[in-house]
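Note that the chains are named A, B, C and D in the order they appear, and that numbering of residues resets to 1 at the start of each chain.
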Amino acid sequence: MTEWLGLPPLAAAHGGQIDSLIGWIHVFMFILFIGWGGFFLYCLVRFRKSRNPVADYVGVTSPASKYSEIAVAVIEGVLLVGFAIPLWAARVEGMPSASEALTVQVTAEQFAWNVHYPGPDGVFGRTDIKLLDLQTNPLGLDRDDPAAKDDVTTLNQLYLPVNRPVIVRLRSKDVIHSFGVPEFRVKQDAIPGLTIPIHFIPNVTTAEMRTRLGKPEFQYEIACAQLCGLGHARMRGFVTVQTAEEFQKWLEEQIAEQSAPDPFR
Amino acid sequence: MDIPYTVEVRRDTGLNNGKIGIWLFLASEVMLFGALFASYILIRTGSPSWPRGDTVLDYRLATFNTIVLIASSVTMVMAWASLMRRRFGTFRIYMAATVLLGGVFLVVKYFEYSHHLHLGEYPSHSNFFAIYYTLTGLHMLHVLGGMVVNAYFWGPGAKLWNTNPVWFTNRVEHSGLFWHFVDLVWIFLFPTLYLL
Amino acid sequence: MSHPGTVAAGAAHRAHEAHHEELGFWRKYVFSTDHKVIGIQYAVTGLLFLLFGFVLMMLMRWNLAYPGVPLPLIGGLFGEARMPGGTMLPEFYNELGAMHGTIMVFLGVVPLAVGGFGNFVLPLQIGAPDMAFPKINMASYWCLFLGGITMLGSFFVPGGAAQSGWTSYTPLAVIAGSGQTWWLVGMIFLITSSLLGAVNFLTTTIQLRAKGLTFMRLPFFVWAQFVTSFLLLLAFPPLEAAGVMQLMDRVAGTSFFMPSGLVVSGQVLANAGGGNTVLWQHLFWFLAHPEVYVLILPAMGIVAEIIANNTRKPLWGYRSMVYSIVFLGFVSFIVWAHHMFMTGMGTAMAAFFQTTTMIISIPSVVILTALVVSLWGGSIRFNTPMLFAISFLPMFGIGGLTGLPLGLNISDIPLHDTYYVIAHFHYVVAPGTIFALFAGIYYWYPKATGRRMNETLGKVHWFGSLVCMNVVFMPMFLVGLAGVSRRLFDAGSAYDFAQGTMHWNSVSSWGAWIMALFQIPFIFNFFWSIRNGEKAEDNVWQATTIEWSAPSPPPHGNFAVAPQAHRGPYEYSVPGANKDFTPQFEA
Amino acid sequence: MSDHLATTDHDDHAGHDPADIDRHVRVYIMVFVALMVLTVITVAVSRLHLSVPAAVSVALLVATVKGGLVACYFMHLISEKKLILAVLALTAAFFVVLLALPSLTHSNGFWIPQAEPAHSDDAHK
């Protein structure tokens, strides 16, 4: 129901609820605006000086406006208590269990998204600021840590399996960024010093979205939404949603490639 | 038309302009220090360890300063009371004492600061020192401001006594309100920074 | 009572001639303590800054419409560091953006709406000879002036002006170039100015009301200024404190807002760490949310005055408007974190701030409804002030209503920090507040100068501005709904999903540039009418409030005989009266 | 009475005749003594090294009493006009809001509470 608002195509399970809230609230706004606006225009025409030379000291006596104000308050209350609060609770508290979900760590920096998969052991390898190297090891991952052996890191490329809950643990190395993926109806600030988990279920693969939109080049994009410096406009990442098998295959390839001994070390 | 109620009080509010003005100003000061206290709470509760004030600061100096500042508040209120009793000479003595006590406070503060700076404990040393310097520094500026105003009423400003004693008394009362407020802030700063 | 004004003038001159004639040029027009002169100083300063802020924005709009295309003709003027070959660099865009926001809010609208109209109109409207503390009033203006100079000067320091947005979020602002330090110092001046002003307005309103002018007989404009001043008084100090702390973080190396372990471009920052980034946001929005009501309440006050005058009937629901505005002021202190929904807020606090945000929209609805309903039964005159004032209503309506989806944090997820937010608040501040301010200028100009502004030019100005404002800002809703972030120097041209919105940016930009042309009649009118405008009598608009009993322009001291209020502020078209207005000041 | 300042229309501060002022002065002295005693008490209690919550409560309690004495007597709030008390009540309300809401919001965040510093545990010391 929200095409008319021009929202981007939807590709996450929870997005429908957000969209319908946005849709309904806009309907509500339009009705109010048309109602007030119609009355307003009518007054301007009907009570212009040439038509109504003598003003009426009392004006409106009907209580209609009071009822309309009460109606506004009630509707706002319903949207608030009925939708917004419970939906938010589901967003932040309905964290899927670590076993069913895929957990990924995304560390923002000026001006890139560092993606870190724990690999099959489900444990993120140790990171250390001293190992950090802007070119070769932007996360400072300690490859000697056993837990890091099967870890996979990528730059600006987030691969996700379709229809499986994802937990993205957001962090930042320097300033505040904001992780936004319009099609997923997801946005969360990445704040230095905090690790903020968000979760969602992507439910349309990139391939499917390409055919659906008729755009063979289509990619889900991560857009930084918080001013973070000169490169803010270029802090673009990509999300590729694949079937479970494709994703598994990709992950294994990456593990093989990245755990290979580093010839330069 | 002159501005009314600079000296006499307005019937319905029972106040003169200056009294309202100074209290409004103090209200904004409450919010100023409030923000700093709020920051203190948030930063302290968020940090894994926080030094007890008396392990890094000299609480004895601060206790001395507390006594000095409280004493200056008393002399301030006595200065005003002397004017109410039309004893201008006593007023001068009390006012001088107030300013001098303020000076003592600043001197002690000076030694305290230079001691810490000497040890290399700059504001950047830790969040404890950051908040310590910010809060006490801002407070010190207030002491300084209050001293300037009080010195003015002790010296050149006192001429007003001869032409409009009521107005002068009001002014001293208002600058006293500020002075007491500065004292009051210290009363909270003292335990928060030095004892806890 | 024939003409209280003339009597007032004569006597005022007799009483004051003696020592006021002696004031030299400097004391009279520059370092003046007369609220009217200060008000005009404020207003002109505010207007100049509005114009300046607008120019900054027109530059930005070039790069948004034609990203990467060199700016023709003037592009070379800004130097290689900012626009090499006429192409805008992101650092210059960020500079312009941060300064546009700061200047418009703190140096444009606040000085004009509060400093200008508050100073000029409020004492006259309550029948006072001046503000309660004239010297503090002067100090307040000069603090603003210093703040303005500091902000302007910051464009010329190495590295340029502040670039971290008007919100100056940490850590970005702490690691930014030296322009940010100037920004902070400038803000400290501006805050001090507003605090001094607020003390003065509050004391004046409480103490210097004319005899008989009870609180429930105050014009709505005075109420608006009164509540506004409370907001300034209590909300600004925390930002002052925060400004000092950010300054410490920058120059003394403290870490109030700097968490541990920051790594900037591969380098570990040498801060002690352990600070709290979100703390800055709390302190900033503790001010900045009330601040947005500082921008809107005086506007509502102006609009209310003008609507009552030009419908020739009392404001409908005056009492409920007063209660609403007081309530609104109160609640505005507890909604601030709706700007911070995406910082990781838990359910309980999110619910709290959403609820207060919904609550605070209700008094706005009540006030707007009362203003719209006031039209019913009127005998409406469409002069320039009235045209601007009635345009305010639907424009504010659009801006206010679009605040609702932002206020519910679930719908705020896709909309936060997109152009939807930009569109929302520009509808309230630009065709909202700015229109109300234009209305106020046309309305009180005769009081300040003794002459009216030209009506035809005024109508051209109104029509062009109304159309252009919508052309500028309506497309931004679409851009925002499509998910395009704000503060992108190239309008998002790097992103595929933003491609569908790029054409809207040129529409907005052309709207803005054409709107600039429509300001020319206004600027001309403003200066030309000082000498050549049609002469205005003291009560040109046949209005009822006390300022119209003073001569135009009012002399020093305003009234010779203290005026008295005998009735409510908007007694228009009283049944049985011999004329359609019964002023407050007539016995 | 002529050697005393009685502001016109001054019906607060109970008139301020000589006896009144003398009584005030006696009150000031008593308050001074009380403040001194309380200062000694806070310092003494802090020497006991109570547990943090207890120490904080005692210290703030004593400070509040001291502050209250200063405000009520030196600043005459005890006999001040309603208008000023109202302004201060409003300020106090927002003061509490400012103190409480940021901390509450912080403790209600859904981030991982003891966030490991993004990269290294003790990069700085």
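By our rule, a contact is a pair of C-beta atoms (placed from the backbone, for glycine too) under 8 Å apart; a residue touches a chain by one contact, two chains touch by 3 or more.
Not measured: the values here are computed from a predicted model.
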Taking all protein C-alpha atoms shown, work out their mean, then name the chain whose own C-alpha mean is nearest to it.
-> C
Most remote chain, CA-based centroid, reference being chain D = A
Chain centres from averaged Cα atoms put chain B and chain D apart, in whole Å, by 13
Separation of mean Cα positions, chain D and chain A [Å, integer] = 45
Can you check how far apart chain A and chain C are, centre to centre, with Cα atoms defining each centre and the answer in Å?
-> 33
Determine the centre-to-centre distance between chain A and chain B, using the mean Cα coordinates as centres, and give it in whole Å.
-> 50
Identify all positions of chain D at which a residue touches two or more other chains, and write them in rising order.
-> 83, 90-91, 94, 98, 102, 106, 109-111, 117-120, 123
Counting only residues that touch at least 2 other chains, which ones in chain A make the list?
-> 92-93, 129, 132, 173, 191-194, 196
Please set out, as single numbers or ranges, the residues of chain C touching at least two other chains.
-> 206, 234, 238, 259-263, 268, 271-272, 276, 278-279, 282-283, 286, 343-347
Parts of chain A lying in touch with chain D, wherever the complex brings them together = 92-93, 107, 127-130, 132, 139-140, 169, 171-173, 191-197
Quick one: which bits of chain C touch chain A in the complex? Just the residue numbers, please.
-> 89-91, 94, 164-165, 169, 171-172, 175, 259-266, 268, 276-278, 311-314, 316, 342-347, 350-351, 354-355, 358, 361-362, 365-366, 368-370, 372-382, 390, 393-394, 397-398, 401-402, 404-405, 408-411, 413-418, 478, 481-490, 492, 494-497, 572-575, 580
For the complex, which residues does chain B have touching chain C?
-> 1-5, 10, 13, 15-17, 20-21, 24-25, 27-29, 31-36, 38-39, 42-43, 46-47, 122-127, 130-131, 133-134, 138
Which residues of chain D touch chain B in their complex?
-> 3-5, 7-12, 16, 18, 21, 24-25, 28-29, 31-32, 35-36, 39, 42-43, 46, 52, 55-56, 59-60, 62-63, 66-67, 70-71, 74-75, 81, 83-84, 87-88, 90-92, 94-95, 98-99, 102-103, 106
The chain D residues in contact with chain A across the complex are 109-112, 115-120, 123
